[in-house]
Structure formats: structure tokens, C-alpha cells
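Across the two complexes that follow, subunit A remains constant while its partner is subunit B and subsequently subunit C.
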Partner chain A sequence: MTYDAVIVGAGHNGLVTASYLARAGMKVCVVEKNDWIGGAAVSRELYPGFTYSNCSYVSSLFRPEIMRDLELPKHGLQILPYEGGAVFQEGGGYLGMFRDHDANRREFARHSKRDAEAYDIYARDVLRFCRFIRPMLLRTPPDPSSFRPRDLAELMWLGRQMGALSEEMRARMVQFWTMSIADFLDQYFESPVIKGYLAVSAIIGTALGPMSPGSAYVLLHHYMGDVDGNVGAWGFARGGMGSITRALTASLKAAGGEVRTGQGVEKILVQSGRAVGVVLANGDEVRGKRVISNMDVKRTFLKHVDEAELPDDFVKRVKAFKIRGSSGKLNIALDSTPVFPALPEGAPNIRGDLHFTDSIEKMERGYDDWKNGRFSRDPFQDVMIPTMIDPTMTPPGKHFMSSFVQYAPPKIEGRDWTDADRDAFRDTCLNQIETYSPGFKDRVLHVEVRTPRELEAEVGLTEGNIFQGELTFDQLLFNRPVPGYAQYRSPIRDLWICGSSTHPGGGVMGAPGRNAAAEMLREAGAKGGMRDAYAVL
Partner chain B sequence: MPTPSSEVLVIGGGVNGLACAARLAAKGRKVTLLEASEVVGGGAGEREFAPGYHAPALAHLTQGLDTRVVEAMALDRHGLAFHPALATTVLSGEAESLTVRGGKTSGVDAAAWEALHRKLSAFARVLAPLRQMRPVRLAGENRLFGLARQGLGIRALGKDDFRELLRMVLINVHDVAEDELSDDRLKGLLAFDATLGAWLGPRSPNSLILYLDRLARGADPLLPKGGMGALAVAMGKAAAAAGVEVRTGSAVEKIVVEGDRAVGVRLEGGEVVRVGLVVSAMNPRTTLHQLVGAAALDAGFFKATGHVRMRGAAAKLHLALRGTPDFRGADLKSRIVIAPSSEAVERAFNPVKYGEVPELPVMEVILPSAHDPGLAPAGHHVLTAIVQYAPHAPKAGLEAARAEMLENTLNVLEQHSPGLRSLVVQAELLMPQDIEARFGMVGGNWHHGELAVEQMLFNRPTFAAAQYSTPLPGLWLAGAGSHPGGGINGAAGWNAAGAILEAKA
Partner chain C sequence: MTVLTHFRTPLLQTPFHARTSAANVLNRWGPWGGYMTALCFGDADMEYTAIRNAASVYDLCPMVKYRITGKDAVGYLNRLTLRDAGKLPVGAVHYTGWTDDAGKLLDDGTLFRHGPEEYLICCQERHLPWFLASAEGFDVSVAEVTEDIAALSLQGPCSATVLAAAGFDVSTLKPFRMATFPFGKGQITISRTGFTGDLGYELWMTPGQALPLWDHLMQAGAPWGIRPIGTDALNLARIEAGFIITNMDFVPAHQAVREDRPRSPLELGLGWMIDWDKGHFTGRRALLAERERGPEWQMVGLDVPGNVSAEGSILYHNKRQEAGFVTAAAWSPALKASVAIAQVQSKYLKANDLWVEIYALRELQYAKLMLPVRVVERPFFNPARKRAMPPERT
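The block that comes next holds the complex of A and B.
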């Protein structure tokens, strides 16, 4: 049989696209190489009784529009907001972080009265920038080189968005988008630990340091989400991040869609310049009127499409697409609750993000190591214990700890990672935690270590880049992934891309998947109850 | 009775102050130019740093003066002439050196370099007119004709190049080098030239645009005949010929504000000069924070000018040499660049972020005495170098950092020119703090405010002062701290004069 759409990869974006298409009445089939679904939004039992969110580990950016459209809560998805966290300082102090603005402000005042006051202005300014950019997430980027009415209209829409701001605000926004987070924070704050805490969101998943221009935008990328309408809030998916893709799959199946696991794609079939299906690793063919790749742009076009089918310029650009991994991940099973002596007894902060990097300088030095082809000797870790809030993932009294680690390069001094490198990386991270939580290592039952090597091998993220491509302006908006192909289409007819390599990028947002579906439905003339991507908000 | 606004006072006799004063005077304004030191020129002057050895005060080349300045001031008639454009010699540790003239070079990357140079030059050409305009406004107040022409000019690159420009405009220069080139020497040169004078490494996003700006200023590095001092002399003469009254040795202590308006200045020594307009070609922060002061300014504006980033990261080396150095046979009349690779440039930048001194700095070396033998005793030479990167606020303190920087710099030079150290009669290294002390460049940044995307155009030096006027009536800015920045070019001063003339017309 011939499907209306064959989707390659059961990551969250692939499933989002598939669900929207299925709801519009298309016959869709998702093929996934792994024996499980989820891509990087996945939960797996890798130690008996313990469920790990072993890639992405928190949720905020997932678009609420998609939750509503695809009825994900009905299919079992629940996001549990969490409270702040703490930065542990060298020498025994700490900075607490709270979801509540005023609580945060009081805590800031403990470190700097001036910074506590500046925090009000800072929060107001950042929220303004967020509000400006949020509506762009669910819109297809216009092609500024095109004179088509649709692109011109969209450019005018952007112009009108700018027009709603004062001239000074426009100038400040341009400045914010292009500057480094370190410089931006210097305009407000003096305390190194406060700056170190606030800079974190600007480097997560990015091959930039906090002193790199453009990093302030990355901060926004992590701030523009929300949990139940609370802008900037983050939460855990109950049962692990895999709950998101499980709910998406349930929603897809309810709409008549199909998911096949353990069926890796070998090649995307192209006939007379059109994509007509895929050939699986086992030799079977799955035919479809259109093929949609949830794989990153490099993997899609350099590994699964015959180069002869593609224009030279396009291949050159795809080859030059920057997708350097910058992070690793430790998934840890704990026998008991770790203790952080710096925190007051019973402090709620242990239920949130725990950091051990108390200044921007330390973060930047970590980045210098990455540039030199080494993992950071004193890495930044974002440690979380989801089971403090969600007890469904481990046996009672035990815990799952997730540590997101930065920076880890795709190659070690130009060569591939070895198991010895991986173990050294693990020990560096565990020792850092041990420093701030004596006895921590004795509580460890099992550790799964994921360097860029493992992320590429298992999840299929080229070079282990968690966003399927770096978030710098040359790869954002109409430049993402490649100028001229930012509207989810490719040079091959009926071959589409819907992963985070496309606008607006990664972070378990689902927006690329939704935007891609909207473009396809628009082209097919089958709206299926879905509003045009240009008019979502 | 207020002084008529046709009486103008320009503070600061550097290239921009001179250009601004000359243009205003040529249009009939009564202009007085005040310069604190005994000669005009600022960063473009010349100094005898050791008996018999003359070195450029700071800048040792120009990437091209603004053509409007050269023509309207008739600088050639006032004695300015240039040596033939300098070729660039890129030194490498082991490999042979490489000669580069614009898009021409040799080796494996000859074709790739030419193609890249052609592409980037095309981008620079369409962006260049922005340098000569007042900063674009993000509002309906632009002179639409000029802007529309500008927009069409950029789109006229054609669809593919237009897209390519939009992709590359904020990219980092390291990735461009990696994508387009394979020869480390050329990668190093591209990375070095893009970040020269900036507080950025080649891997920092937004670094390529600085290279485009450099190309937009002029294609080739130029050296005035007789040394950089000759440029300052010619501009001083031209300004005087245009009717500017030049008063050297006149340091301004305060800008006098009366009734919320700048009405003149008080000089060191107490003399008060009253005028209609005060134009400062000095550093914008020094102007507003020290000469004007918080009391006369809006609090938000005062704070914003405090946030302008002014980190200098270049040191300047002057060597008096007994004899002729040998850079493994390199043409001594060329611009010699020691930047073995893009990574080497980045590694030289890393420590500066933390206030430390790099072990292996990268540098641009000029021998002014190879062009003008009169600058050194017969048979001797003057070597000058811009050495990157140097911390603007060294953790170890200025003295220790300067000594370390000098030592590391001489070591690198010795490596590329064996025996050079034994020729040194006298060495002088100016750290960013020394440059600040000597030239009033805050942080030692020679653009009087980092030239970085977030401090360009309508954000230079700050939003409220980006059109050369300031929120304080009667006070204008005309220095490198304003659009389009410095670099011995004169465009900022010339544009500022245009804005002043327009406002009064």
C-alpha cells in the first residue's frame, strides 16, 4: 500500500507532524530504527526498577497549542512544575533559586542588595524580549530573498511586530539578540554567583561560551517556554520525558496513524526527482506520497539521500551546517537521597536544578577546554533529581538523578571518544558532585554515561548536538537549516524535514513538527481543521 | 545674549576632530579646535620614543582614510602622499611565508582565497555606504530615499548572494575560514584581520562583519610617506587652511552647562571659552561622565553611557633596532602578520577574558624605517607591532602584565626572526591601560568603544546619542565612539559635521 506520508524517526517532532497529518485524514506511518519510540524525548528502564529520562530531562518549551490540539493530557501527559534550585559556591555557600520572583529577589539580596533591585528590571526586560519572540515560534520563517506575496506578507507581519515597540526598545532588542550573556548581565548585576546562575540558560546545549556574542539569544530560547501559562517555568513530565512521546503516540494511534519500531531506514527513495518512500535496513520498502524526515539535516541528506539527487550548493551548505555537540549526560540510580550540607535542612531547593559553577569565568574556562577538543576539566553540571517530585520513576526511597554536563566535544583532540575518555568524563562529573555532597558516590547504584558519541550512535543526533544544529544567527530563522530551504521543504519534491534542524530549533518544543505539518497541509489543500501556520496565534 | 550657534568648538585634535572641524569651517562656521597635547593627530601622530628613533604614536597604518575627507580637505595639496599599498606577508612556524595582495596569493588555496575575497568584497561594497550615512533609524524618520537605495543595492547582489549575506552577516570568522580555506596561514590571516582591534576571538559570533567593515574602509593597508605623523601634519594644515583656529596645549577641564544647554568649555587653568555648539571628538564616556557630569544629564542616559563596552585588547610594541631584522627573507616593506592559524588567534584571546597575558600572542609587524629611512639612524630600524591580545585590566597588575607581555612578544618575534632580540636598543610596550593614559582611549580601545555588532549603527555609542547629537542641547559627538567607529578613517567626524550642518540648515 502507499501511505499519504511516511515519517522517518519517532522523535517528538516526527510524532507531532504525524499526528497532525493523521488528524487531517492522511494515512501515515512512522518508522523508527530503535526498538523504542521517543528519540531524545525518551524514558527507559536501564537499571532494574529505575526509569531514566536519559536524554532531555525537563520540559517547558513544548508548545501549549500542540498539547491542546493533540489532546495530550487526555492521552496521559502531565507536566509537574518544579521549584528553583541552587548554585553551590566554592567554600560552602550557596545561592538558592526559586520559581517565585519575590523569593528569588530576597535570596539575591542575601548576596547583593543592588542585584536584588536590578533583578526586577532584568526580569521585566527579559520578559519583554520573550513576548516579542514567542509568536514567531509557530510561524514558518519568510524567505527575505523572495518576492512571493506570502513571504512579503510575513515580512510585513514581522515589521508590524517591531512597529508595536518604541524605537528605543527596537534598538535594545537588536542589541540583546547580538550580545553575549556575560555583557548583558554586567549591565544589571555585580555578584559573580548571581551572574553565573543567570548565564546558565544561555549556554545549555550550545557550542558557545557565556562570553560569546549571540549567547544572550540562547537564553531567550530557554526562557520563552511555560508550564500551564507560567512563562519561563520549567517542569518534569510525570513518568519521565518519554511520557511526552508516549502521549503523542497514543494521540497518533487514536487518529488512525501507525508506528513501526525496530525499522531503520537505509535510504529515502527518489524517483524522477520526487520522494516516493523509504527502503528499510531489512530491504523492505515503505511507499508514501511524501516522506518526512525527523532526522537532522545532515543525517537526512548526507546519509540517506543519493547525493546525485541534490543540487551542489545545497550539499555544500548541508555539509557546512554546524552541529557540533557540546554536552554530555549522566543518568544515575541512587540508593538514597543525597545530602548537600550547604543547604539548610529541609530546603526545597533540592527539588530543582543544582549547579556547582559559581561564576561566568568558570563556565567560560569550561568552554575554552571544549574549543581545545577536551571535555571541561571543571564542567558545568545541571543536576536534577526528578524523583523528588515524581516518585513513579524509581522504587520507594530511591532516586533517579540526571546530570546534564557541559562542555563535551564531539571528538577528543580530533579523534573519536574511547571508553577510557568516557570513564574519565564520568569520574570528573561524579567527583564534582561528591565535593558538594559528601558520601554521594557511595549512594550510586548505576550510571549511564552519554557523551556525544553515544548520543549520535543511539539517538542519531549527528555529533551529539542536542538541538540538531547550533543556535547561531547563521542557522536561525530563514537561515535554518539552509538559506532558501527554511520552510520545511527540500530540493527534492515531497521530501520534507520536520526535526529541530528547522526553525525554531530544539528543546522539545514540537514547533518544527507542527510548522512542517501546517506547510504540508497547506500545500495539499487539506486543512483538516488546522489553522494555517501563519495564523496560529 | 547666547553665542550664535555658528561659533563651534571642537574638542580633540585627532583624525575625527580635524575632519569634523574642517568640514564645519569650510561651510562658514567659526570653528576653534582644542587639543590637549602640543601637536594634533591623536592616535595618528608620531613620537621619538628613543633618541633618533621615531615611531607612530599609536596607529601604524591606515586601512584608508574616508575618501570624502581626503578629497574635500585636499590632503594631497597639504602634503599627504602614500607609499604603494603594502602587501601582507604571513609568517608560519615551519612552512614558508606567504605573500597576500588583496585577493591574490599563492599556494593550495590561491583560487579559494580569491573567490572568498571576491565574495566578501562584494558584501563590503554594498555595506560600505552605511559608513557614510548617519546611522539608520529604526523608525519612520529615515531619509527614505537613501535607505531605499541602500536596500536595493543589497538586494541587487542577486538572490543567491543576498541569501549568503544574510547567512554570513553575523557568522564567526573561524567557521568561514574552516568552510572555505585549507591553508592555516590564510585562515590565521583572516582570523587575525577580522579581530584586529576588537575584543573578540575568531570563534566569537559576529566576527566576520568586522572583516567586512575593514574591507569597506579600504581594500589595502596604507602608510603615508614620511610616516604616520605626516598624515597628522597634513590634516592639521588642511584644517587651518579651511579656517579652523587650532589651539594645541589646551586641555578641556569641563563642558560648561547653563540652562540645560552646553554653552562652552572651561580649560585647565580656568579660561572659559563660550560658543554656540560644543562638539566632542573625545571618548563619549569621558565627554559625558567627566566633562559634563551626571548633574546635567538624564539618569537613564548617564547609566547607558556607562554600559558602553570599551575593552581594548591590543598592545603596541615599539622597538629601536641596531641593524636590519630578517624575518626569514620576508619583504620588510610588507605588513608582516604572525598568526599561525585561526586556533592560534583564538588561543591568544582566551587568557585575556580572565585578565591574563597570552603565552603566544599574535601580531602585525611594520618597519616604518624600511619605507622612510629618516625615521631611524642610518642602518638602524624602527619596528612597530600591534600585539594581540593584551588584557585591559590585568589581574597581575599593570607592571607585571606589561613585562610578561613584552617578554612573550619578543619571544614570538625571536622565533620568526632569529637574532632579533640581540638587535634591540630599546623596547617600549604600551598595554591597553598605557594607551588609555596616553591617548584618552578608555580601556585602551582604539575605537573609543568596542566595535561590535551590538554597539554599531543606531546603538553607537548609545541609542540616545547615535545620531551624533546628545540629549544635552548644544553638545554633539564626533569621535570614533560614534558611528562608524575609528581606525584612522575620519568618517565619524565627517558624518557628525554633516549632521550638525543639517540640523542648523
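The block that comes next holds the complex of A and C.
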């Protein structure tokens, strides 16, 4: 049989695209190389009784329009806001985060009275940037070199958005898109630990240091989401991040879609310049009127399509696409609740993100190691214990701890990672946690360690880059993934891309998947159950 | 001189006050039925999350309670209320309502049958004159017992697990059933009831047992993140469950100053309650006539596009004629949808061209929205674990 669409990869974006197409009446089939679904939004039980969020570990960006359209709550999706957070300082101090505005201001004031009051101005400015960018998330970027009416209309819309800003705001916005987070934060704050905490969102998943130009935008990428209207807030998916892709799969199947696991795509079949299906690793062919790749742009076109089918210029640009790996991940099963003696008893901070990098300088030194082809000797870790809030992932009293680690390069001094490198990386991370939580290592039951090597081999992310391509300004909007191909299409007819390599980029957002589906449905003249994006009032 | 002091402390404190006041870090209290009740203990979002994710406790003491006892208890309640109290087994609970002679609702509430001749009514408003007047000719006694009974609601997907950890095995307790369990030197009653539309229980005890039980439950529930919740969080959960509240979603007939305000059970979506075959009951004749001609109003659930709550909004037919009004609305975290409960005039409901005009307050200015709404089933949120047997364990 010939499907209307074959989707390569059961990551969240592939499943979002598939679900929208299925709801519009298309026969769709998702093929996945692993025996499990989820891509990088995945939960597996690697230690008995413990469910992990093996890759992505928190949720904020996932568009609420998608959850509603695809009825994901009905299929089991639940997002839990979390509270707290803290940075532990060398010497036993800490900076805590609180959901309560006044508690947070008083905590900041312990470190700098000026910064405590500056935070409101900072928050206003970041919210202004968010208001500018949020309406763009669920729109296909215009092609600035095209004269088609839709492109012209979208360009004019974009122009109007810019035109609505004051001259000063426009200048600040352009600065913000191009400057470093260190310079940006210096405009507001003086306390090293406050700056150290706020800079985190600007480096996560990015092969940039906090002093690199372009890092400020990455902060915005982490602030433009929300949990039930609280812009910038993050939460856990109940049952682990895999429950997002599980709900998507249930929604897809309810709409008549299929998912085949355990056989990856060897090759995308192209006949007379059109994609007509895929060949799986076992030799099976799955035919479709269109093929949609959830893989990153490099993997899709450099590994699974004959180069002869592609224009040279396109291949050159895809090869130049920046997708450098910068991070690793530890998933830890704990026998009991870790204690951080710096925190006051009963403080809610342990129910949020925990860091041990108390200044931007320290973070930048970690990046220096990456530039030298080594993992950071004193890494930045974004530690979370989702089971402080989610009762479903471990037995009571036991915990799952997730640690996102930077920096970890795709190669160690130019060669591949070895198991010994991986173990050394693990020990460096665990030792850092132990420093701030004595006895921590004795609580550890099991650790899953993921360097860029494992992320590429298992999830398929080229170089282990979690965003399927860096979120620098040169690779955003109509330049993502490459100029001329930002509308989810490719040089091959009926071959589409829907992953985070496309606008508006990475994170468990689903927007690329939905935008890609919208383009396909528009081209096919089909009407799907796709609501308008929510207005930004 | 008398020793009256109630004018100094108009609101009573519940038997749990020593614990709820310690936990209420923002000191956010509101009045409920003459008692101080916590609106929020510190973080309404996390409190709501406890209801849908873990385990929550809510102080139910202010609920108005009447004990009905006597040989004619069944006959009396069948005359007074809409459902058949005789069909309610001992050890069971049902949700019911009662109307005046014109068939207009006076209140809704839960009826607990503790014995063949012993019932407890729990409700929002006070009705002693009406209940006593209705008792004429029946061999029953009606006693207002609000202060004699302390009650705590334990709701959430981990609630059965927390009860088990506290030594109360509720695994065989079905929805709308109750049982007694030893506690200390006495006993408490636990019913599988609640106002959240989730798995949940209500615990009934003497005021003297209140603090020891609170401490016991909070300790047993700690591994599951048990936390006290205020009315703000509960209100969001009840909207998701599609439940209505007296004086919020309808005006009880005994309090309505404007004659057009009272509503019948048929107009409030409670027609299913009426047992037409049980014999005469107060309001029956008026309700029969209304059933013939069709109710003038209807209570409906609405799906509202966008992400702005439609609280307090007016509904229009064809964007022009006023067709009704929203009584409760919220952005639902559980559904990732904007939902509303509304009263709509029946004639406009049929036309199926309903719009809501929302005034969204943004930095001191209202942004005006006119959005098409869709009538949807209530409950909006209806998880299987609400009914599952045995109850979900986490």
C-alpha cells in the first residue's frame, strides 16, 4: 500500500506532524529505528522501578495549541509546574529561587539589594522580547527572496511587527539577538551568583560560552514558553518526558495513524526527483506520497539521500550547518533523598533546578575546556529531581535525578569518545554533586551516562546537538536550516523536514512539526483540525 | 454586662485552625459559612497541582450539616429532596437538591445514609426554617450539627495510597460509599466523595479528633507530596469537574431578591436528579409543568477558543442579542483548554450561534474579545481513576 505520508523518526515533532495529517484524513505511518518511541522526549526504565527522562527533562516550550488540538491531556499528558531552584556557591553559600515574587526579591537582596530591584526591570525587558517572538513560533517563515503573495504578506507582517516597536526597543532587540549573555546581564546586575544563575538559560544546548556573542538569544529561547500562562516557567511531564510522546502516539493512533518501531530508515527513495518512500534497514520498503523527515537536516540529506539528487549549493550549505554537540546527560537512580546542607530545612528549592556554577567566569572556563576538545573539568550541571513532585516515576522515598551537563564536545581532542572518557565524565559530575551534597554518591543505585557519542548513536542527533542545530541568529527564522529551504520543504519534491532543524528550532516545542503539517495541508488543499495560534494580548 | 465577644471575632475558627493557620504563610483567608477558610496557603498553582498529581487536604468543616433522624426519615427526605432517599443504601451517599413549591432550587448537597433512620445532609446554605417547616406531619427530628462534626477532604491520585499508609485500607470502598475505621481510641468515617472530579475521599470525625488526624495524615502522606490547599485551587478543580456552587452558579430561591433569578433543577442541568416516580415531593407539580413546556434556561459547559478565561463574561447570540452569562470559567491546566460554565436561554442554545465577549485586563486596560463558543459535555475533566476499582495506587 502507499501511505499519504511516511514520517521518519518518532520524535515529538514527527509525531506532531503525523497526528495533524492523520486528523486531516491522511493515511500516515511513522517509522522509528529504536524499539521505543520518543526520540529525545523519551522515558525508559533502565533500572527496575525507576522511570527516567532520558534526554530532555523539563517542559515549557511545548505549544499549548498543539496539546489542545491533538487532545493530549485526554491521552494522558499532564504538565506539573515545579518550584524552587538554587545555585550553590563555593564556600557553603547559595542563591535560592522562589515562585513567590516577594520571597524571591528578598533572597536576591541577600546577595545584592540593587540586583533585587533590578530584577523587575530585567524581567520586563525579557517579557517584551518574548511578546515579540511568540507570535512567530507558529508561522512559517517567509522567503525574503520570493515574490509569491504569501511570502510578501508574511514579510509585511514581519515588518509591521518590527514597525510597531519604538526606535529604542528596536535597537535593544537587535542588540539582544547578537550580544553575549554576559554583556546583557551586566546591564542589569552586579552579583556574580545572580548573573551565574540567569546566564544558564543562554548556554543550555549551545556550543557557546556565556561571553560568546549570540548567547543572549538562547536565553530568550528558554523564556518564551510557559506553563499554563506563566511565561518563562518550566515544568515536568508527569511520568517523565516520554509521556509527551506517549500521548502523541495515542492521539495519532486514535486518528488512525500507524507507528512501526525497531527498523530505521536506510535510504529515502527518490524517483524522477520526487520522494516516493523509504527503505528500512531490513530491506522493507514503505511507500508514501510524501516523506517527512524528523531527523536533523544533516542526517536527512547527508546520510539518507543520494547526493546526486541534491543541488551542490544545498549540499554545501547543509554541510556548513552548525550542529556542534556541547552537552551530556546523567540519569541517576537514588536510594534516598539527597541532602544539601547549604539549604535551610524545609526549603522548597530542592524541588527545582540545582546548579553549582556560581559565576559566569566559571561557566566560561568550562567552555574553554570544550574549545580545547575536552569535557569541562568543573562542569556546569543543571540538576533536577522530578520525583520531588512527580510520585509516579520511582517507588516512594526513592528518587530519579536528572543532570544536564555542559560542556561535552562531540569528540575528545579530535578522536572519538571511549568508555573510559565516558566514565571519567560521569565521575567528574558525580564528584561535583558530592561536594555540595555529602553522602550523595552512597545513595546512587544506577547511572545512565550520555555523552554526545551516545546521543548521536541512540537518538540520532548529529554530533549530539540537542537542538538539531545551534540556535544562533545566523541559523534562525528564514535561515533555518538553510536559506531558501525554511518552509519545511527540500530540493526534492515531496521530501519534507519537520524536526528542530527547522523554524523555530529546538526544545520540546512541537512548533516545527505543526508548522510543517500546516504547509503540507495547505499544499494538499486539506483542512485539518488546527486551531489558530493564541493571540498575544 | 453580658460576656458576648463574637463581634470581635465574627468568623469562627475550624477545629483544624491551629494547623491551617500555621501553614497559611500568606495569611490569605476568606469567609465561608461563618468560618475563616484559607483561600490559598502560599502557592495556588502548586496547591492545584497537588489535587491532580499527588494528594491534597482541604478543610471542609464550614460545610453546613443537618442530621435527620426518625421513623419517617425516608418519607420526609423523599418529600423534601429530588431523589429517592429510600433507594440510598445504608453506608452510601448521593448528590441531591431541594426546591420550593415553584420548583426553584433552594440548594444542592450530599445526603449520607448512616442508618435506616439516620441521614446527614451537607450543603452550602442554611435551611433550618425550611427543613423544620417541611417536617410537619413526619415523625423526624432535624438538627443543625455543623459544629459537631469536623471534616477533611483528601483528594488526588495518591489519596488512596496515602490513606493506606495512614492505616486506613479503603481499597474496597466504591465511589459514593462510606465506611468507619478505628482511629486512636475512637473511629472516623471515610467516604469516597469529593468536589474535585478526581480520586478522593472525605474524612468525618469529631472536632477533638481533628488535630491528631491532620498530623497523622500529613506525616503518612509526606512521601507523596501531600499538602493543604485553599479555596482558589479547589475552585479551579471543581470548574474542571463541571460542578456548580450555590450562590456562584445559581442564586438559591430563598435568597433571590429579583424574581427572575431563581432557577429550577431542569434549568441547571440537574433534571437527572428528579425521581418523578417516587411520589409527591415539594416542587413536583411546578417541575412537571416546566418539563412539559421546556425550561427557559439551560446550564451548559462551553469550550472557549484561545487562552483567556471568560470569567464574568456575557454571552451573545449572533454577536448581538444577549443570550446568557458565564457563571464560572478558567484556563484548565488539566485540559489545556479554556472552559466555562454558563446559563443560556434555551431559545438561543438551539440556534447554535453563541459568542462570548471577554474583557481581558492587561496592564490596567481591557482588551475586548468576541469569540465563538462551542457547547461541550460536562464534566470537562473526567479521569478514569475517579471511578476505578480498586482505587489507583501510586
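Here is the rule we use: the second predicted complex is superposed on the first by the 528 of 537 C-alpha atoms of A that agree within 3 Å, B and C clash if a C-alpha of one lies under 4 Å from a C-alpha of the other, contacts with A are read in each partner's own complex, and residues count from 1 in each chain.
What we mean here is this: contacts are C-beta pairs under 8 Å (C-beta built on N, C-alpha and C of every residue); 3 or more make two chains touch, one makes a residue touch a chain.
Note that the structure is predicted; figures quoted are calculated from it, not measured.
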{"item": "Which superposed partner A:V174 touches (first subunit B, second subunit C, both, neither)", "value": "first"}
{"item": "Touched partner set for A:K289, first subunit B, second subunit C, both or neither", "value": "neither"}
{"item": "Which of subunit B and subunit C A:R374 touches, first, second, both or neither", "value": "neither"}
{"item": "When both partners are placed on the shared chain, which of subunit B and subunit C touches more of subunit A", "value": "B"}
{"item": "Touching partner for A:R150 - first (subunit B), second (subunit C), both, neither", "value": "neither"}
{"item": "Touching partner for A:H446 - first (subunit B), second (subunit C), both, neither", "value": "neither"}
{"item": "Which superposed partner A:R365 touches (first subunit B, second subunit C, both, neither)", "value": "first"}
{"item": "Touched partner set for A:R105, first subunit B, second subunit C, both or neither", "value": "neither"}
{"item": "Residues of subunit A at both interfaces, subunit B in one complex, subunit C in the other", "value": "none"}
{"item": "Subunit A contact footprint on subunit B (complex, rising order)", "value": "137-139, 155, 159-160, 162-164, 166-172, 175, 179, 200, 203-206, 307, 309, 343, 346-347, 350, 353-354, 452-455, 458-459, 463-464, 466"}
{"item": "Interfacial residue positions of subunit A with respect to subunit C in the complex", "value": "64, 67-68, 72-73, 77-81, 83, 99-100, 228-230, 238, 388-392, 396-397, 531-532, 534-535, 537"}
{"item": "Of subunit C, residues touching subunit A in the complex", "value": "42-43, 45-46, 49, 52-54, 157-158, 223-225, 305-308, 331, 333-337, 360, 362, 367, 381, 394"}
{"item": "Residues of subunit A that touch subunit B when the two form their complex", "value": "144-145, 162, 167-168, 170-172, 174-176, 178-179, 183, 186-187, 208, 211-214, 313, 320, 322, 361, 364-365, 368, 371-372, 472-474, 478-479, 483-484"}
